[in-house]
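Quick one: this structure, given as structure tokens, is what I'll be asking you about.
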Amino acid sequence: METTSLAPSLKNIAPQQEYLLQASILDANRDVLLHRLRGLCDNAESNFETFADYEAVYVLSFLESSAVQQSQAVSFRVRHALDDPEAPDHIRYIGQAELGDRARPTLVRACLDVACSSNVREFLQEMGFKLDYDCVMKGYFFHKGRMKVTVYKIFRLLQPGKTDSSNWEPLSMSHLVELSVVAPLGQEQIGEDMKNFAEQLKPLVVLEKFDHRRLHN
Amino acid sequence: MQAPQSKEEKQLETSLDDLLQRVRELKQGISSFIYKLENDYQNISWPNMMEHFGVLSSGLSTTKRLLKAEKMPLLRNYVLFPILLSPDRDPHLEKLTEGRVLAFNHEVVPDYLRTKPEPEVEEKVQLLSVKASSITPEVAQKQLTALNKITSNILDIINASSDEWDKDSNQKNVVPSTSSPQDTLTLISAITKGSKLRRPDPTSMQQCPPMGPTQQQQMQQQQQLQPQKPMPVVGRVPSTIKTNIKAAATSHPYQRP
Amino acid sequence: MGVSCVYMYPVPEGRSGAHVVEVLQKQVETIGGVKMGSFVVDCESYLSIMLSVSKTLQILHNTEYPASCFAVLDSGATLVADTLFNGLLSHLKAYYQARKGSKIESKGNRYQLADFVIKIGSVTLSGSFKGILVEVEYCPSVIASECWNLMKELLQSLIGNIAESPPPSLKMKMDEIYTPAMTMLQYLEHFNNFRKAAAVSQPPR
């Protein structure tokens, strides 16, 4: 029997948190890291899994921007796989990063991933969103259980909107390394698991809880 | 049969007993270790293994110490003289040696009762000692100092390079050369805040609506940003100044038709 | 998944909606329709606040596509997303707010008749009955122009001359590949009509 109303679980979303550790590795040392990761992660026998995503960040904010209102600005990150045209586009909302106390091993932030149709960019702009910035991310990903490791390079687009690789310019001589888990609120054990995993990558990369307040625009 | 024992004989007997006891213990240690290696090798751990070796080596050194002890008579002064060799099997001997030696015959005796090296070895040693004695003390002294010099030189070289290695590995621990903190900062601020990724046009549009005085600012801003932006912007600057709306339109890659 | 047409079936003066629905259901069963569960299509409006131009965002769900959420803007632009899209909306509270009393839904039985799926829904706007929507879906095809005549025949035997021509929003897209979003647009059009009618008969206090 079908239920007459939509399943409540689909309408009430359990809030998901992203647990995150970050670091970077110089391009020259990338392969050493990749081989170590392949040994540590699941599917060690298969080839590296690669990805190439175009990410555009759209922001919705009030026109008359006072500092208070600016802080209410909402950003959606729209991702689109360049290497898999069949894959749906993807909106990601990321909340403010919480560092928590010193004892907490990882950074934690609210996180919501929504797959959507490919007209999402036009749709968001019609809703009043503006393109804030965009980039291409290309690299490798690994998983171990529910932990996800990405090693990728960030490229800026020389000409807006053109995503073919001749239009890419690397942002630095390094790859960004991220170790993350998306899970429901309050599963602090994950942080410990991640810390232990990160320990095995030292001293090649030192994954750490990166204070985003240290960043400047 | 037993003749009255002299003091010396008594001492020999007791010390031999001691020695036998030690050797037996040593033998037991070895055999239990071999047993473990052969039958229980799955459960043997490295520390466990080291422990066994430790026990054996301490057994060996106590035996050695026993031989050097003062009470121990000089065993080399005693002569063992085989009176009778027999090719027949000797069950008593077999029992004593736990089956290793079956008969006291011509084959085994030279091996078991040997007190000197084999003749070929003896010859070689002889040759060497003759050679050594033929050298005058002065020459020997010279050679000795030369050897000492070489040895100490090599030692110096080894010490120097080991110091260097230590320093190297220390340096690695202090500054990991596999990543650059500056790059980490750049990349993380790019993906979280969009630094170095944001295009100047839309932001300046957003921040300063097109009004007379602000246009100048905008122009300055554009020019300041120019150096870090590659070519395309250079071509677009003039149009931005003329009509901002147009500039905004070109800057949005996902225009609706 | 196939081509769907959604029509409003008028309730004659002096008859109760429930009664008319019952008559329609009997009719479907008479021609061989077998009841296969029930269905709901719902819609809620979100209004933009503090943006220079006022905008309306309609959020629709359909039990036929239980893991999807359809978002429609004034221009008709439709975004198909996971139901998690609702979670994104909660982060937009400062910009888009749900309009009170805008929740409208069409709810009823779902029938299977050979290659057709027939849905007879009672429309309620914030709890009160507003009318009847009949949806007929022809599953084997995704090009409306190729199956319209077939659908028309079935529709006319059910609801008569109301189904003389394809629904207006479908007319322009008869030769395109049909998508679930087109069904949702048809529902939205009817929902908007019901809302307008309700606003006229019940002027704002």
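A few comments on the model shown:
Order of writing sets the chain letters: A, B and C. Residues in each chain are counted from 1.
What we mean here is this: a contact is a pair of C-beta atoms (placed from the backbone, for glycine too) under 8 Å apart; a residue touches a chain by one contact, two chains touch by 3 or more.
Bear in mind the structure is a predicted one, so any value in this text is a computation, not a measurement.
Listing every chain that touches chain A and chain B alike gives an empty result. Taking the mean Cα position of each chain as its centre, B sits at the greatest distance from chain C. Centre-to-centre separation between chain A and chain B, using Cα means, comes to 42 Å. One simple way to say how far apart two chains are is to compare their mean CA positions; for chain B and chain C this gives 76 Å. Our note on geometry: chain A versus chain C, Cα centroid distance of 37 Å, whole angstroms. Across the assembly, chain A contributes 122, 126 as residues in contact with two or more other chains. Across the assembly, chain B contributes no residue in contact with two or more other chains.
On the chain A side of its complex with chain C, the touching residues are 1-7, 10-11, 13, 60, 62-63, 72, 74, 76, 91, 93, 112-117, 119-120, 122-123, 126-128. Chain contact summary for the complex, chain B toward chain A: residues 172-173, 176-180, 183-199, 202-203, 206-207, 230-232, 250-254, 256.
For chain A in complex with chain B, the residues that touch the partner chain are 22-26, 29, 32-33, 57, 61, 65, 97, 121-122, 125-126, 130-135, 137, 154, 156, 158-162, 169, 171-174, 176, 203-206, 210, 212, 214-217.
Per the touch definition, chain C reaches chain A in the complex via residues 36-40, 42, 48, 50-53, 55, 57, 61, 63, 66-67, 71, 73, 75, 77-88, 91-92, 94-96, 107, 110, 181.
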